[in-house]
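Okay, here's the structure, questions in a sec.
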Amino acid sequence: MTTTKLNDFVIKLANVNGTGSASANGMLMKSIFRMGIPVTGKNFFPSNIQGLPTWYEIRVSKDGYLCRSGKVDFMVAMNAETYNADLAEVDPGGYLMYDSTWPRKDMLERSDVTVLGIPLSAMCNEAFESARAKVLMKNVAYVGALVALLDIDMAVIENLLKETFAAKPHLADANMQAIKMGFDYATEHFECPLPLKLSPLDSTSGHVIVDGNTTAGLGAVYAGATVTSWYPITPSTSLIDAFSLFCQQLRKDPETDENNYCVIQAEDELSAIGMVLGANWNGARAFTATSGPGLSLMSEFLGLAYYAEIPAVLYDVQRVSPSTGMPTRTQQCDIVSAAYASHGDTKHVLLFPSDPTDCFHMSQIAFDLAERLQTPVIVLTDLDIGMNDWMIPEIEWDNTYQPDRGKVYDAQQLKDMDAFYRYLDVDGDAIPWRTLPGVDPKGAYFVRGSGHNKFGGYTEKSDEYKDVVDRLRRKFDTAATLVPAPILNIDESKPREKSYALLSIGSCDGAIREARDRMQQDGHGNLDYMRVQAFPFHKDVADFIEQYDQVFVIEQNRDAQLRQLLTVELEIDPSCLIPLLSYDGMPVSSNFIVEGVSKLMKKGHAA
Amino acid sequence: MSFLKKPKISHPGLPTNDIGLTVRDYEGAMSTLCAGCGHDSISSAIMQAYFELSVEPHRVAKVSGIGCSSKTPTYFLGGAHGFNSVHGRMPSIATGANAANRELNYIGVSGDGDSLSIGLGQFGHAIRRNINMMYLIENNGVYGLTKGQFSASADRGSTAKKGEANPYSPIDPVLLAISLGCTFVGRGFSGDKEHLVPMLKSAIRHNGFALLDIISPCVTFNDHEGSTKSYAHTRANLRETVYADFTEHHEEIVAQVEPGEYKNIMMHDGSRVGFKRVDESYDPTNRISAISYIEEHRAKGEVVTGLLYLEEGSSEMHSVLGSNKQAMATLPYSKLNPGTETLARIQKRWR
Amino acid sequence: MTTTKLNDFVIKLANVNGTGSASANGMLMKSIFRMGIPVTGKNFFPSNIQGLPTWYEIRVSKDGYLCRSGKVDFMVAMNAETYNADLAEVDPGGYLMYDSTWPRKDMLERSDVTVLGIPLSAMCNEAFESARAKVLMKNVAYVGALVALLDIDMAVIENLLKETFAAKPHLADANMQAIKMGFDYATEHFECPLPLKLSPLDSTSGHVIVDGNTTAGLGAVYAGATVTSWYPITPSTSLIDAFSLFCQQLRKDPETDENNYCVIQAEDELSAIGMVLGANWNGARAFTATSGPGLSLMSEFLGLAYYAEIPAVLYDVQRVSPSTGMPTRTQQCDIVSAAYASHGDTKHVLLFPSDPTDCFHMSQIAFDLAERLQTPVIVLTDLDIGMNDWMIPEIEWDNTYQPDRGKVYDAQQLKDMDAFYRYLDVDGDAIPWRTLPGVDPKGAYFVRGSGHNKFGGYTEKSDEYKDVVDRLRRKFDTAATLVPAPILNIDESKPREKSYALLSIGSCDGAIREARDRMQQDGHGNLDYMRVQAFPFHKDVADFIEQYDQVFVIEQNRDAQLRQLLTVELEIDPSCLIPLLSYDGMPVSSNFIVEGVSKLMKKGHAA
Amino acid sequence: MSFLKKPKISHPGLPTNDIGLTVRDYEGAMSTLCAGCGHDSISSAIMQAYFELSVEPHRVAKVSGIGCSSKTPTYFLGGAHGFNSVHGRMPSIATGANAANRELNYIGVSGDGDSLSIGLGQFGHAIRRNINMMYLIENNGVYGLTKGQFSASADRGSTAKKGEANPYSPIDPVLLAISLGCTFVGRGFSGDKEHLVPMLKSAIRHNGFALLDIISPCVTFNDHEGSTKSYAHTRANLRETVYADFTEHHEEIVAQVEPGEYKNIMMHDGSRVGFKRVDESYDPTNRISAISYIEEHRAKGEVVTGLLYLEEGSSEMHSVLGSNKQAMATLPYSKLNPGTETLARIQKRWR
């Protein structure tokens, strides 16, 4: 029952963390990419530093699907502790490779899986001197075996090694030696290549492989952000690392060699968001990045920013909660807490990037919206987007971009006016004008989180207080007109399903796209699909939902949080919105959606 | 009410400073604090200090937390922007503001509750980063605004108190700051303007974090267990629905302490605080001897005042970080945008 | 147009804070109460200590209505700064009394208000020596005038003074002297009593006057709470003050004179809730009290408590927000933030007391639920309930009450079992068993906010993680069966409105009750009314809503937060729930509701 | 994985303590820390100390925050309840737990990030309240669990470092604790078990807050700028997708320092820390001289170890508050219910 799978399968590599497998696995993925074959890599790593199970899942997809399919065709089982589970996960007809230096006792057998043993440790122990190399080269050796088994282009590998170890040619040689060892063993002992195999394509040119935290950090550089303050927390840390690194490279003043940026590691998240507010108050584009627990800690300050109308950008790279939860697993679980962060009647603008491309561009959008609306903008990304290896088209940059700094009176404007009042709705769009400290004494006012009237004065008077919070409510209506519109996906080429549609956000996108294609092919129907990009909801969102009897709202949390916002903010009858929820910490797969939607449609038709 | 601006009457006779302003140009809105509150005396010393230094008011940024003390920035330098933030977290606002614009002059006003209870962590870390700002703790040993609970600095001057002492050992912001590496540490008394104004001026001029702990009696909640005016007493002894919200009107306490002098000053409630002012021979540049000196006098129940520790030539945050001399906030976007070609170059590495 | 108002009017006293008016105003209210006439007092005070406007509003209501009516019949205008606004607020046909020592220049005249001037300062300056007495006695003197004008029983006043100043008879005398001065002046210069007047009734026996923070604190004592930790914040501080004071009086161990309670003033709210969790983990009934900003700061820890299943009781005495807002004004604005406090999929049990009686009894309910369900219970009270003077029936206590400590294995049970696992659903109600530290080594387990499986072990496995959060979701269903049922108010004596009904929570209750009566009398219809007592919603809530075309959801916040929860958690079509919102910081008045509901009903009929 | 209990094999030859337990009865789950991590050495010293003191494991309560260090309570005393709370807030959990049950023995385990960054405020206030507990800071100068950022105590032993120093001045928990009135302050080194075990035993026995700052090298993120193994270096010099997650296997560092001795010990990355152990003549009861001693040696780049400050006879929280000797948690409800009549009496006052 060996069907050939050409350029379309999943390799999963089971390792122990701290053993240096990441470089080898990355090399494997990169070499496929350089063969012109679309590929993505997802990393499932533990919340510790050394000695626990870790997996890397490579999806090879000639059609360019970027999500998890939900299946594993080839397992590289390097971790004895998870061997049984790893074997169980392989799809019938699949393969498993393991280090046969230590034959697995009591190992589960599966007649429908081909098990390939290679004495990796034995080989490496013999070939290499240092303890370090013995461990590290094992990983490289299994990549070598895969080169033979999957028919990877050896020249690509060689090049990759040369580039990587340009500064240390002896390391390139050692790596090449290990590759060859694995390659030779596989060629000798197995029929190579397997029916599961690769063949060069031309489908990756103009593309890059990158994670969303890197592009978000770079996006903030291009947005003109100058100040960041953050507290380390997985999975947001690498976003700030990226920003800092790019700043070090790109933001030294050419004249003075001084930094045109300021990165401050805060003592905690309360302080991080406080610094961001202080900096934005003073006119810099400033941001922070965090994850769930940090969002909770920031909520008092977020309420202040909402009420005192201070711009701020916050990336929340979501991870599994509640509480500390599973810090190295992905979820979309902070939607409600971000939308209503802080006590009292408070609402925040949210953006939902779906991939590293969005992370880059939404960085500029986030800062522009924050300053235009004078309010915090929370970019709800997640671990899957932020830390996994995505294939995206090269990012394009419009060099004519100019930041929208919103309504800020400058010195001249202040000089020309009789008096400045901070919270007047001068233009009828519920957005007041602000001033920056140090510019002109006439612009001076007092920012406060306590009751204030439209002039900016302290108040405890009911009508004056109401006046301001009512305008804030109206400002949210303005926000709905300024945020990015949802992305509508319709396939007009075939008859469209009229009763049902799909609606989702963020990192569900890839899986839904594939699921739609598969469902069409399987004759399950051609479903329209809308991806929401922001909260408050653009009017197109309500218009879309209205067209169908039922809309399946797909999201990665337990409590159907997006659906909650849709119901409440768009005044939609909940019975029209059917939740489809994936919340086990793994990036949602296309399989899950195909099965889930099919089941729901069957139910719906029966009802 | 901060919005009630005091009518600005020009007094042609008033002396002007180097930039042609009178001390009235350094005033703010009318105070809503209790009559005689020490905090108001400090505000007036602040106006005097900025006036004497000829600082343009709008080049000052005022930041504070929450509390009676934290309200005071509304009451001075009306021409300066102010930020009355949340309780205990002003240091982070100040740090961010300073990061964005290092060219302004920063004054942070806080209370003992704001800085030593809820704000202890942020206070400590702002010191550690050596933010270039003047940081005032208007220290009254109580939470004024929430009606007189003990704060973490309670029990200052406990020798004269009649009743039971505050059960916990007090946090002395001066000792704490020195042990955290603060580069300018002083202590003053709200009633001694003569002494306070020059200290404020040095603190404003200091390049780095300048802490002034200013003893500032709360006239309303001098919350000794033994005091009949105390909140706890009121609650315990009167029927709940027939309680007094009466606050006595007081004169502000004024008392000058000369260099080297020891003076025992009576507070509104009859308690006494013994102030010991350091004299010219005191060496504020030696950390170890500064700590010993303060500790020794503290053991005797004396509150040492004056400039207690000074580390000159230290690096404030921006010079540590290597920031541009120009404010981040005013850098033109052309300096910040790496451009299209750079993006292409970066992306080559991602192939 | 002087209609006589007997035992049914509103007196409002405008003062400056710090001048000692509170005692005088309290005495006035108390004396009416002791005349057997139902009365309540509401205090509108500024967020400062001395020198700003403050008001005390006394509602005299022979029918026992406890809410604000929304009208003022008699204004005592002692504050020159607010004089104009105070005069403007008086209802046509009403009265205003002021200190005529300083004739008000430029004072607004109103032909429809009778203005009574009394030279209070002049009189007191002459009669009293000390500066203190001169200020204080002015207040007592206007009470004296009111004794004459309103026909208050002088004997009641005299008694009250004697009791109050039992320890200081000379003060009783001075006060009596001031009363007489005011009385005599009024009798001499005005026709006393006015058509607005009092006459003894027997409608207050078996009742007391008290605020909800006092009864909540006392309720916690009776619930057996032993540990509290809090950080001062208006308007919750007096709840803890009450608890401490009652403990000092009632909880000294009779044998050792040691404290059978532990009150810790925390350094902030994060610490306060942390201490509460530590204490509950260790088996004490522990609680904290705070208001909005504190709730925000507690959110990280609340998520931990939800996920690790630690009981906790938190009183949130709500005040006007967002941010610092107006700390001395009332609102019901933390409903959503409390229900979903913390990042991720987190939900909390809420209780909604409506008056000081509820505050007392719900304290026991809160602790029982918290331990039964092993989760935080948030009592959402507000400034109006917590700090105003309410007339309630004497609280009854069932001495057979025994705390429900929930499922806790004791030493013997642990000895008898093979092994203990913390998060197993042994009983099928989704509530696991717990153990207390120090009892038996077999009970030892590790509490954590990170991923754990049903046995209590650390996990990063998808299915094990899901297993626990799915049970937590089911536990919330169990909670809905254990919380107090809603209170249904139906008047069967007249034909009932079929299309509309009223639904509300907490401190709206009084105003709604009066509004219903008035609307019935005015022929506006006889509306059914349900008061919800808890979240998650008891099934009676959905059953009630189902019966009507539209239900008016009345609450005191801008964003219709209760309605939001109803829509989302009960899956109700939002178009069936019509919001009626009061959020200006004043306790909602019956007037507001009569007008609002009438308008909505007209609209509804037109639509 | 904490759930993986190590198989308990009874070793008949192992010595038993006064309550008949062997040191194996003080073990916990298998550690998931990096091989050679200093924190594991500390766990083993903790087991030894409790064993030698013959404490019943289930009468101990273990509390911690978040971090590699905070994970360790799972790895010792499996018979004790534990609470792995949230980052930086363990002191409040400990305080509440202690308030509820003063009869248990409390051990708090924290890291330098957990206690000195996010947790600085709670740490300071737990000291101030003198909670009866042993509090360990397993101090490695970095955030281990989040992969090696500088913590607020970074730069300890900086003399031997090659690269750029941590830009901010470090917080020394020992000095901080003494200045906040801590009643037991010591410092140890994870590699010197000989020295650590007796210090742990004294700390466990101390009636009040006992702080031990334990230098505990992180074998994986010895994050010097100059170090080729550092995180920053890795990120900056390799292509993003081809990075190394390799952690070298190390032996734990073991080195004994004798009383009075000065020893320069090499860390995993080749840097050196100079330890100076106080000798018998050192007087730990004098606050001022303790501070001076530590400061003087710090100025020389020496890390002083030993019992550095001790205040005997101080009052821990419960004795300050006058609590019942019996645990609050075990008081019967009959002692807590004031009863019907009392309620009636109280309500009389409300009429």
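General remarks:
As written, the chains take the letters A, B, C and D, and residue 1 is the first residue of each chain.
Just so it is clear, a contact is a pair of C-beta atoms (placed from the backbone, for glycine too) under 8 Å apart; a residue touches a chain by one contact, two chains touch by 3 or more.
Please read all numbers here as calculations on a predicted model, not as lab measurements.
Shared contacts of chain A and chain D, meaning chains that touch the two of them, come down to B, C. Across the two candidate interfaces, B-C and C-D, the one carrying more C-beta contacts is C-D. Rounded to a whole number, the gap between the C-alpha centres of chain B and chain C is 36 angstrom. Note: centroid distance chain A to chain C, computed from Cα atoms, is 44 Å.
Shown for chain A are the residues in touch with two or more other chains, namely 47, 209-210, 267-268, 293, 300, 304, 323-324, 448-450.
Shared contact sites, meaning residues of chain B that touch two or more other chains, fall at 1, 86, 117-118, 120-121, 124-125, 129, 152, 239-241, 321, 350. Residues 1, 32-35, 66, 68, 71, 86-88, 117-118, 120, 143-147, 149-150, 152, 220, 235-236, 238-249 of chain B are the ones touching chain C in the complex. Taken together, the chain A residues at the contact with chain D in this complex read 17-23, 26-27, 29-30, 47-52, 131-132, 135-136, 160, 163-164, 209-211, 214, 231-234, 237, 241, 245, 248, 265, 267-269, 293, 323-324, 389.
Residue ranges on chain D touching chain C, taken from their complex, read 1-4, 56-59, 61, 63, 73-74, 78-86, 89, 91-101, 103-104, 121-122, 124-125, 129, 317-318, 321-325, 327-331, 333, 335-340, 342-344, 346-347, 350-351. Within the complex formed with chain B, the residues of chain A that make contact are 33-34, 207-210, 218, 221-222, 224, 226-227, 229, 246, 250-251, 253, 256, 258-264, 266-268, 270-284, 286, 300-301, 304, 394-395, 397-399, 401-403, 435-441, 443-450, 453, 455-459. For chain A in complex with chain C, the touching residues are 46-47, 292-293, 295-297, 299-300, 303-304, 306-308, 320-329, 331, 333-334, 336-337, 340, 342-347, 448-451, 460, 462-463, 465-466, 469-470, 473, 557-559, 561, 564, 567-568, 571-575, 583-586.
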